[in-house]
Amino acid sequence: MPDDLSDIRYQVALANRLLANEGVLDAFGHVSMRHPGDPGRYLLSRSRSPGLIEADDVLEFTLDSGPVEPPSVQLYAERVIHGCIYQARPDVMAVCHHHAPAVMPFCIAGVPIVPVFHLGAAGGETMPFWNQRDEFGDTNLLVVKPEEGRSLARALGSYAAVLMNHHGATVVGRDLRELVSRSIFMCHNAEYQLRAQLLGAQISGKVPTLTAGETRLAGVINAMPNVTNRTWEYWTLRLDKVGGLPPRAKARPRAASVQGKTSRKMPSRKATARGRSGGKKARTR
Amino acid sequence: MPDDLSDIRYQVALANRLLANEGVLDAFGHVSMRHPGDPGRYLLSRSRSPGLIEADDVLEFTLDSGPVEPPSVQLYAERVIHGCIYQARPDVMAVCHHHAPAVMPFCIAGVPIVPVFHLGAAGGETMPFWNQRDEFGDTNLLVVKPEEGRSLARALGSYAAVLMNHHGATVVGRDLRELVSRSIFMCHNAEYQLRAQLLGAQISGKVPTLTAGETRLAGVINAMPNVTNRTWEYWTLRLDKVGGLPPRAKARPRAASVQGKTSRKMPSRKATARGRSGGKKARTR
Amino acid sequence: MPDDLSDIRYQVALANRLLANEGVLDAFGHVSMRHPGDPGRYLLSRSRSPGLIEADDVLEFTLDSGPVEPPSVQLYAERVIHGCIYQARPDVMAVCHHHAPAVMPFCIAGVPIVPVFHLGAAGGETMPFWNQRDEFGDTNLLVVKPEEGRSLARALGSYAAVLMNHHGATVVGRDLRELVSRSIFMCHNAEYQLRAQLLGAQISGKVPTLTAGETRLAGVINAMPNVTNRTWEYWTLRLDKVGGLPPRAKARPRAASVQGKTSRKMPSRKATARGRSGGKKARTR
Amino acid sequence: MPDDLSDIRYQVALANRLLANEGVLDAFGHVSMRHPGDPGRYLLSRSRSPGLIEADDVLEFTLDSGPVEPPSVQLYAERVIHGCIYQARPDVMAVCHHHAPAVMPFCIAGVPIVPVFHLGAAGGETMPFWNQRDEFGDTNLLVVKPEEGRSLARALGSYAAVLMNHHGATVVGRDLRELVSRSIFMCHNAEYQLRAQLLGAQISGKVPTLTAGETRLAGVINAMPNVTNRTWEYWTLRLDKVGGLPPRAKARPRAASVQGKTSRKMPSRKATARGRSGGKKARTR
C-alpha cells in the first residue's frame, strides 16, 4: 500500500492507463479510488482521456461529487457515477466506468453477461442491467444528475458490475488491483461468451455457464492478492513496453513539503518507487 | 482556429492521418475542408494515400472540383464527391469519403447503420443508402462524373452520412473535428451493431436502437467542442506515438513571404504551433 | 522496370515482405516472378519465411521447377505450383501461394469468394475451387508432384486466383504489383463477404455481389498502374515503418561485375533506387 | 540440442515467450519440458507471466510436481498438469497449458476442435474433452490436486491435446519445437473452424474436415524438423523484433562452474548461441 497521497494519485493514473492499454478504456471512461484515509472522499482525474492521465491530474471529491478544492480545470460530467456508488457501497474502494468494445454488444442487445470461464467468475454469477429510460425517459444517455447516479447505484446493488443500456458498464472492486483485473477479465468473458454462442448456436442456442458453486470458488481465487498482483505486474510491464507509464508526479502545493523533504533526505527513494511500479528504470533490465 | 492557410493545410493533412491511424482510411479515401475564407473553394490533397499526406500536398479546388492552379501532380479521381456536396450543403465545412472495414459489410448487405450507442448518435437517426446502379447502371463504382457527384449529394440530403452500395461511405461535418469524430464513432457504431445483431439474433432478430429523442440529445453532446476537442487531442497523441504526425509545411511559393517573415521574426512560433498540435515537442512531456 | 537481375531479386523479396506485413503470408507461402528476360525461367526464394527473404535468397528455376544452379540451400517443396502455372499461362508474370486467415474459412467451408466491393473486383467475377482429393485422394495437402501442380493449373484456368480445399489459395498477376494488390484486396473482399453474410443472413441468406459489368469495369481500374503503384508505395511505407524492408542485395558472383561497375561509375544510383522503392532514405523525408 | 542445463532453461523460457508473443499465453499459462538427462524430472518456471520468464526462473521438479530444491519463490498452483502427464506419457517431452482466446469458445460451448486445414492436422484427428465436474463436482476449475492432474492425463490418453471445460487446453509434444508449433496451429485451426462454421452454416450446418488419411499424412509433414525449425526461427524473429527475447541466463550456483569455464575458454560461444536462437546479434543482419 503506497504511503502518501502522491503515490495514491500515481496509482490511480496508472490504473487508468493500464485499462486504456488493455482496450477497456479509450478516449472516454474513468477509474476512481476511495480516499484511503477518508471514506467520505474519492480520487478521480480531471476530464482527460484515461491513457493520458498523470498523477497531478487526480483530484479529490466529496461523495456528492463536488471537488474538494475549487477546480481550475474541466471535470468529468459523469462523476456522480463514482460518488453515488461510494455512498451506497461502503465495501467498494474503486470504481471504473467504461464503454469497452467487448461489452457494448451486450449493452445494446440487452443480453446478460454470464460467467463462462474461470477468470470470468471475477464478475460474479449475475450482472444487473440498468436501463436509464425506465426512470428518466429520453436522455443523452450520460449519467450526470445525482438522481441518475443514485438510480444506477441502486441497480448495481451488491453486485460486482452493472451493464448500462446502449452506453457501457460500471465495475467496482475492493481495491484498484481487483477492479482492474475484474474489468479486464469481464471483457475477455464477454468476448468468449459471444463467440461461444455463435459457435454453439446450432447445438442448443444457449451458452453453458459456470455453476453457481464454480463461480463462487473461482471468484475467490481470482480475488486473491497473489493473482491480482501477478496480473497487475503483467499489465504494467505491457504498458511500460509501449512507453505508456505515467510520469512520476511533480511536487504539488499541498504535497510539496512532505514529498520535498522525503526526496531530499532519501535520494534513492524515487528510484525504488520506480522500480516497484515498473517505471523507466525497469526498461533497462 | 489556425490563422493562415499553411496551418489550415496542416490541419487537413492531420485529419487525413488521424483517420488513417484509427482504421477509417487506408491506401484510399480522402478528407477535404471548405476554404475558411472563400465558401466557393475547398482544400483537398493531391492523389496520395491519406496516411502519407503533408501540408504541401493540400491544394485548392473550386466547387466544380477544378484545381485553382494548374496542377503538376495527379489528383484524386473522385473529388467531385467533395465539390458536389459543398455546392449542395452550405452548412457543411468538411467531407470524408472512406471504405472503412467496419462499414463495408453494411454497404454490401444493404443493411442500414442505426444508432446503437450514445457516441454513435453522432451519425444521426437515419443514414441514407445510395445505389449508383439506380441512375447509372453498371459503372466501375467510382464517383467521377459531376452527375454522379450530384446524385450522391442528393442522396445525402440533409443527413450526416450516406452509405454507398458495394463501395463505402461519405461523411460530412461542420468542422474538421466534428467530421473526424463522427467518422470514427460511425465505425465503432457499425462494429457494435453487427456484433449486437449476431448476439441477439436468437432473441428478436432485430438490433435495439436509441430512440429518436436519445439520438437527438446524445448527438448534441457529441458535437460539443469540449467533446470533439478531447477526442481530437486523444487521436493526435495516438498518432504521435507511432511517429505519424505530418511534418510542418515547408514554405510554398504563394505563402512564402508571410510564413518566411513570421519565422524569421518570431523563431519560437514553430515550437508553439508544434506543441499545440501534438508535435515532436509533445513527446518529451 | 528495374534494369538488372539484382534489382529484380530485390523486388521479389520486397513483394514477399509486403504480403507478410499485410497478413497475407506468415511462416509459409511464397511469391515468384517470371524471369523478365527469359520466359522459360522464374525467380523464387530458397525455403524461408516470406517476411525474412532477402534478394540473395531469390534463385532461378526452370519451368519444370528445377533450380538453374545446383542449390546449397533448401528449396520450397511446393514450387511446382509456380512452374506449372507459368507453363500453362503465358500471360502470367507473377504467382503467389498463400494461406491467408481471411480466405481459409472459404477454403474450408467450400464457399466461393465473390466480388463484393469495387477493389475486390481485382479477383474477377469467378474464383474456381480446386479439391486435391478429386484426383489424388488422401494426400498431405501439399502440392509437390508435377501432376499435382498441373492439376492445380488446370483448375485455375484463365482466372485470377484459385481456392484450394482445406489449404489456401494461389493468385496470379501480370506483374508483381498487380499480384500484390490483387492478393491483398482478395483478402479484404473475403473478410467483408463473411461479415456481410453474417449481417444479412436474416434478410436473404445470400450476399449481394457486384454485377458482371461492374466487376469488369472496376477490375480494369484496379489494374491500372497509377492504382497499383499507389498501393505499392503505401504498403512499402507501412513495411518501412516497422523496419521490415529487405536489405539491399550484396554483390553475387554472377551479378558482381555488372552491379560493381554500375556502382563505381554512378555512385548516386543506389540512393536513387532506394528512394524509389521506399528504402531507408525515405524515412527522413 | 543444447548441451547444458543452462541452455535448456533458456529454451524453456524462450518457448514460453514465443507462445505469449503469438497470443497463445497471456498473464497465465505455462510451458514445461522433461529433463533431457533424467526422465523422472521436468523443468518449469516459477510462478510468473510467461512473457516475462527468464532462464533463471526455470526450476526442476520431480514427476510428483515437488520442487527438487526448496524454493524461495512462488510456484504455479497447476504444476500437477505437467507432472501427471509426464508420468502417464513416456513419449511426451514438453507440455503447454493455456487459455488461448481462440480455443476458449470451444471449451465453453463444448464443441470439439477438428482438423480443418493442413497445418491444423498437427493436433490430430480427435481432441478429447475433459470436464472437471464429472469427477470432482464444483471446483474453482484449477487443476491443483494430484487426482485432478491424473484425471486430466487419463482424458488426454494418447492424444496431442485435451480441451478443458470452461478453462482452456493442455497440449503435448515430443520436443519444445513440436509443442510450440502444435499449440499455435491448433489456435489457427480453431479460429478458422469457427469462421468456417459461421460461413457455411446455411449450407450444411457442419464444418467439413480433413479425412483421417489427410490428417495423418499432413500431421507427419507438420512434425518434421525442417518444418518445426522453420516456424521456430520465424516466431523467434518476430519475438526479437518486439524486443521480447529472454536475457541470456546469468551464472547460477549449480551451473556456474560449467558455464563460467565455457565462457572463458570459448569467448565466441555466446555469440554463436545467440545467433542460433535469434538473439540481439541477429537484428543487425
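Annotations for the structure displayed:
Each chain gets a letter, A, B, C and D, in the order it is written, and its residues are counted from 1.
Simple rule for what comes next: contacts are C-beta pairs under 8 Å (C-beta built on N, C-alpha and C of every residue); 3 or more make two chains touch, one makes a residue touch a chain.
Predicted model only: the values in this text are computed from it and were never measured.
Under the touch definition stated at the top, subunit B and subunit C share no contacting partner at all.
Interface residue usage between subunit C and subunit D, two copies of one sequence, is largely distinct: under half of the residue numbers at the contact are used by both copies. The rotation relating subunit A to subunit C, fitted on Cα atoms, comes to 180°, given as a multiple of 5. Separating the centre of subunit B from that of subunit D, both taken as means of CA atoms, is a distance of 46 Å. For this pair, subunit A with subunit D, the centres built from the Cα atoms lie 33 Å apart. Multi-chain contact residues of subunit A (touching two or more other chains) are listed as 197-198. A ring topology is adopted by the chain contact network, closed into one cycle in which each chain touches exactly two others. Counting only pairs that meet the touch rule, the chains in contact are A-B, A-D, B-C, C-D.
Residues of subunit C touching subunit B in their complex: 116-119, 188, 191-193, 195-203, 207-208, 210-211, 213-214, 217-218, 220-221, 226, 230-231, 233-235, 237, 241. Residue ranges of subunit D in contact with subunit A, taken from their complex: 26-28, 47-49, 51-52, 74, 99, 101, 104-111, 133, 137-142, 166-168, 194, 197-198, 201, 205, 242-243.
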